[in-house]
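Chains: A, B, C and D, in written order; residue numbering restarts at 1 for each.
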Amino acid sequence: MTSESRSYNAMELMICLAARYLEDGSTVVVGTGAPCAAAMLAQRTTAPNLMVLFEAGGMGPLLPSMPISVGDSRTFFKGLAAATMPEIMEACQRGMVDYTFLGGAQVDMYGNLNSTCIGDWEKPRVRMPGSGGANDLASLCWRTMMIAPQDPRRFVAKLDFMTTPGYLTGPGAREAAGLPPGTGPYKVITQLAVFGFHPGTLRMQVENMHPGVTREMVMGATGFEPGWSQEVTQSRPPEPSELEILRKEVDPLRYIIGRS
Amino acid sequence: MTSESRSYNAMELMICLAARYLEDGSTVVVGTGAPCAAAMLAQRTTAPNLMVLFEAGGMGPLLPSMPISVGDSRTFFKGLAAATMPEIMEACQRGMVDYTFLGGAQVDMYGNLNSTCIGDWEKPRVRMPGSGGANDLASLCWRTMMIAPQDPRRFVAKLDFMTTPGYLTGPGAREAAGLPPGTGPYKVITQLAVFGFHPGTLRMQVENMHPGVTREMVMGATGFEPGWSQEVTQSRPPEPSELEILRKEVDPLRYIIGRS
Amino acid sequence: MGLPGSSRLFMPPDVNAAREFFRSKSRRMTGKLTTAREAVARMVHDGDYLAVGGFGTNRIPTALLHEVVRQGRKRLGLSGHTATHDCQILAAGDCFDRCDVAYVVGLEARGLSRNARRIFEEGRVAVTEWSNAALAWRYRAAAMGVPFLPARVMLGTDTARRSAAREITCPFTGIRLVALPALFPDVALIHVHRADVYGNCQIDGILVSDLDVARAARRVIVSAERIIAGDEIRREPARTVIPYFCVDAVVEVPYGGYPGNTAYEYFSDEDHLRAWLKAEEDPAAFAEFVRSYIFETPDFPAYLERCGGLRRLQELRWMEHFPGRGEGLA
Amino acid sequence: MGLPGSSRLFMPPDVNAAREFFRSKSRRMTGKLTTAREAVARMVHDGDYLAVGGFGTNRIPTALLHEVVRQGRKRLGLSGHTATHDCQILAAGDCFDRCDVAYVVGLEARGLSRNARRIFEEGRVAVTEWSNAALAWRYRAAAMGVPFLPARVMLGTDTARRSAAREITCPFTGIRLVALPALFPDVALIHVHRADVYGNCQIDGILVSDLDVARAARRVIVSAERIIAGDEIRREPARTVIPYFCVDAVVEVPYGGYPGNTAYEYFSDEDHLRAWLKAEEDPAAFAEFVRSYIFETPDFPAYLERCGGLRRLQELRWMEHFPGRGEGLA
C-alpha cells in the first residue's frame, strides 16, 4: 500500500473521479450505488447545477439519503417532478440527457456490456437480470460512463451476450445500426485506471492510472489488449474536501464507500 | 303544422330521437350543442350509465350547464377525470368508445362528411375549420351519429372535400383503407327523418320519418337518391317527460333548443 | 389510397437535428422571469413555426399572442391544433403564411371568424390538412424523440390526400397505418396556472396536448397566472407537468388566458368574443378594433382594463366557480 | 442487423382483436369492490399473461401476487418490466413458464434471487429479451391502440437479436428504427394509493408505466391503500390516473405494497427482503419460508402480522416520512 491509499479507498477514489467528469449544468440518469454517490458529490462540488434523473420517473430530488431502488420514494423526494418511465426514456431519446452510468458483469474493448447471462443464452450457466434500462440509456444518452471493478473476467475480449451497446464492432457501427449519432461510451472508471475511447478506433484506452498503479497491473486486469492514450497521466487523488463531503453528506452510513 | 309539431320543435325532436339511440352503459364522445344535449337527456332517461367524453380531455363530468367549448371547464366539472387529448383519442383507437356525434357542411350517401371547404380545395370559395377531431372520431369510434338540418345543399351527391370518413366508396372501402373493422356511420337524424345505412350497400336509407313528413319532402331535401328501408315507420315523438327534462334540466337557458 | 399526402411538410421530422438542438439547450435552473414583450422580442422571430398550448379559447396564452401581433411578427408557421381565438388573434395581425390545419377559422359553436377565413380564402396561407389527433400525435412523436408515430386515422379521406402523411404497413400484423411525422415547432406559447421562476409548471384540469407541445418545441415561452416559490413545486413533484428544462422564458400574467376560459380561475368572456366576431364583419371596423385593443394597448393589464377590468373579471370568476348560477349573473 | 429477433412473441399485437375485446368490456360504473382471493380466483387463470404495476419493490401489488401463488396459478406469462420482488414471489410459486425479460431475477442493489435464477437457468421459462423502455413502449402502443411503436433502442445488440422486435425504415427520414409490438396483457395487477369502488384510481408520486399498463390490459385488478368516496374522485378529476372503465376489480389492502415501498406511505422493509434472499440460499429452507409466509398465511393482514405487524409498519412509516433520520431507527 502506498501512503495515498491509506487516506481513501478504491470506491472513494472511483466516485471522486467519476464526479469530476459530470459537467456543471448537465443532466444525468443514474442508478443506485456508486453512480448516485458520484452525482450527489458532483452537485456538492463542481456541478451544483447537475440535474439528476432516475429511469422510473424521479427528477431532480433533494436526495435525503441513498436510494435503495431507482424507483423508491427517495428518487423524487422534494423533487422537481415525479413522472413516468416513458417520460425519462423519451427525454433521453429526444437528446436532453447528457450522461448515464451503467455497470455490467462483462465489458469489452468497445464498451459493450453484458448483464444478461454467463454462458450460452439458450442454456445459461448464470442468468442475470437483463438489460433493465441499460440498453435504453446507452442507446440514447449522449455519454455513457461506467464505474466498475476491473479484472480479466469482467474486462473480456468477447462478451457472452451483448446486452447493451457500446461502440458495437467499432467505427460507424452505432450509426449503421440506427443508434443516434454522436452517442456512445465516454469513460470507464475502475479501481486501477480511467479509460477513455480512442477517437479513431473507438477502442478502450487508458487515460490515467491511479497512484501506485503500473501498466502491468492494468494489463493483468484486462482480458483484452488495452490501448494507451498518448499521454497517460496519473489520476488526481481525491481532495480532502471531496472526501469530507462524500463521507459526511453523501454516504454517511457508508452503504457504498464501505467501512475501510 | 300538425298538432304534434306545436308541442315541440324540430331541434327538440332531433335531440330526443338521438338520445334514445345511446345504449345504457356505453361511452360517447360529444361536442357542444345538440349532441351534448342528447347525451345529457339520455343520462336522465334511458341511459343513466352513459359515460360522456370530450376530445380535449374531459371525462364523465356532472355537467352543470351546456359547455361552450369541448375544452371548457364544464367538460370536466366534477368529472371522473381531466386528462389529455391523446388520452381520449387513444381510448377511441383502443376500441373503448361506442358512439360519437359529428356534423358537417356536406354529407353524402355513404355518410362521408365535409367540414373543410366549399369549392376547390386549392382555391376555396369558403374555407371551413377542417377536421378538428371529426376525422379521428369517425375513424375510431364504433358508431358515428349525425344530427343535422337536412337540405339538398347539405345532403349532396358529391362532397367538395371528404374531410371525415363515412363508408368512403361503399362496401369494403373502410377496411381496405385501413380503418378499424366494424366501425362506421350509424344514424343520421334530421328535421325530417332518421336515416340508417343499408347493411349490404352501406348507402344511407330512411328508417323512419317524423310525424307529418312525406317521402316527397324527404326526397326534395336530399341531393342524392335516398334509400328506403323495407319498413319505414313513423318516428316516435318526444314524450312529455323527455321534453320536460330537456327544457328544465338539460337546456334551461334554451341555448340549443331555442325559444320557439 | 392517395398517400403520401400531396401537401407541404412544413417541419420535417429530423430527429437527429432535434437531438443536436436539444443537446445545446440549457439544463441550468436559472431564473427565467421576464416580460411578455421581452420574451416575444427575444424568442419569436419572423418565419418561425409556432405552436400554441391550450384549446382554442381555453387556457390560451393570450398575452403572448397579443405581443406577437403587436411586435408585427410575419411569415410565421402555425400549428392549427384547435386554433380558434388564438388563430383569430394571429390572423388579425396577419402573422402567418403557412398552417398545419386541424381546426382553424372557427370558434366552435360561436361561429366562424370572417377575417381568418378571408386570409385562407385569399390564398395567403399555405395549408396542409391534418386532424386534431394527428397533430396531437405529431407533437407526441417529437416529445418521444421518434420521427413518426403510426395511427389509424385520416385513412381513405381527402384530409390524408391533402396532408403530408405517408402510409405504412405494420411489420407484425400487415395492417395499413398512417405514419404521422414528428412535429418540432420552433416556439411554443403556453399558458399555465402556476410556474416557478425556473419554468417548472403546474396546470389544473385538462392538459390537452400541452405536455407534448412543451417537450416538442425548441423554445418554450410560458405565461403563468401566478409565479410560485420553487419550494411549492418541490412540495408536490407529481404536479409538475412541464419541467424547467423545457422552458426558456416565464412571464407572470394574471388573467393571461382572457378572454378564454382558464379552468378553476375564470370563465370565457363570451361578450368580448362576440364583439370580436361582430367587428370582423366590416374590415374597416375590424382594423380599428385591432388597433384599439392590441396595437394601441401597451400591455395585457391595459387590455384587461379596456375589456371591463377587475369588475368584469370578477364576474367571470363567479361564472367559473358557480356554473349554472353564474350564467344568470352575466 | 439480426432482426427480426429470433425469440417468441408471446402476445401478438392484434389491435383488431383487442378492439373487439375492449368493445365488449363494461363501461358501467358499478361497484367492483371484492377481496384479493375472489378477484384472483375470478380473473387470473392458468396460462394467462400477467403484467404487474409499480417498479419491482415500489408500489407493487404484493397482496394480489401472494394470492396468485396461494391459489396455485401455473403456466402464466410474465412481463418482466423491472420485475424484482414481484418476479421473486411468482418464482416462489413456480407460477410462470414464459417471460418477456427486461429486468428479472435481481433485486437491484440488494442482489440476485437464487430461486428465480434457478428457474431461468434450468430452462423452465421461455425467454424473450427486451429493455425497460421497450416494454414501457410496448404497453404504450397497446394503450394507444396501435400495433407497434418505433424507437431507437436495442439496435445492434444481442438484446434485439433475442427479442421479437422487428426493424423498419422511417418513411420520412430513412433512418433505421426498431418496431416494438404492442403488448396487451391478459391481466394487470396494480397497487394504488386510493380508488373508489368503481375503480377510479389516484396514485401519488411516480407512475412508472402504470397508466399504460392499466389501459393495455384486458382485465385489471387494483389493490388500493384505501377506498375513497366517488365524490373525492370528482373533487380533483385531474388526479384520476386510471379511470374506472379500465378496472375490473378493486380490493382495499392497507399496506398492500409491503415489503416494498409505497411513496408517502411506508418505506420498504429491507430486513424482510434480506430474509427472503437469505432463505433462498437453501431450497429446503426456502420451501419452508414460502409455506409459512404465503401458503399457510390465510390473507394479507396475517402476512403483515407475521412480518412484525403494526409496530414494524409504523417504523416503515417513519422511515418514509423522515428519511435520513428514519434509517437510524431501523
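Everything that follows uses one rule, which is that contacts are C-beta pairs under 8 Å (C-beta built on N, C-alpha and C of every residue); 3 or more make two chains touch, one makes a residue touch a chain.
Bear in mind that the values here come from a model prediction, so they are computed numbers and not experimental data.
Chemist: Going by the contact rule set out at the top, which chains touch both chain A and chain D?
Modeler: Both chain A and chain D are touched by C, going by the contact rule given at the top.
Chemist: Between chain pairs B-C and B-D, which one is joined by a greater number of C-beta pairs in contact?
Modeler: Higher contact count goes to B-C.
Chemist: Return the distance between the CA-based centres of chain B and chain C, expressed in whole Å.
Modeler: The mean C-alpha positions of chain B and chain C differ by 28 Å.
Chemist: At what distance in angstrom does the C-alpha mean of chain C lie from that of chain A?
Modeler: 41
Chemist: Between chain A and chain B, tell me the centre distance in angstrom, where each centre is the average of that chain's C-alpha atoms.
Modeler: 58
Chemist: Would you give the residues of chain B that are in contact with at least 2 other chains, written as numbers and ranges?
Modeler: Where chain B meets two or more other chains at a single residue, that happens at 76, 82-83, 86, 93, 140, 180.
Chemist: Using the touch rule from the top of the page, what residues of chain C touch 2 or more other chains?
Modeler: 15-16, 145-146, 151-152, 175, 177, 205-206, 237-238
Chemist: Could you tell me which shape the graph of touching chains takes: line, ring, star, complete or other?
Modeler: Basically it's none of the tidy shapes, so other.
Chemist: According to the definition of touch, which chains form touching pairs?
Modeler: A-C, A-D, B-C, B-D, C-D
Chemist: Could you pull out which chain D residues touch chain B in their complex?
Modeler: Touching chain B: residues 15-16, 18-23, 25-29, 142-146, 200, 215, 233-235, 237-238, 240, 243-245 of chain D.
Chemist: Taking the complex as given, what residues does chain D use to touch chain A?
Modeler: So the residues of chain D in touch with chain A come to 1, 54-58, 80, 82, 84, 101-106, 108-110, 112, 117, 120-121, 123, 129-134, 136-137, 140, 151-159, 162, 167, 175-178, 205-209, 211-212, 261, 263-264, 267-268, 270, 320, 323-324, 327.
Chemist: Which part of chain A faces chain D closely enough to touch in the complex?
Modeler: 31-33, 55-58, 64-65, 68-77, 82-86, 89, 93, 112, 116, 121, 123-136, 139-140, 161-165, 168, 173-174, 176-180, 253
Chemist: Please output the residues of chain C touching chain D within their complex, sorted ascending.
Modeler: 4, 9, 12-16, 145-152, 166, 168, 170-173, 175, 177, 179, 181, 204-206, 237-238
Chemist: With touch defined as at the start, can you tell me which chain A residues reach chain C in the complex?
Modeler: 25-27, 49, 51, 59-62, 76, 78-83, 86, 90-96, 98, 140, 142, 180-182
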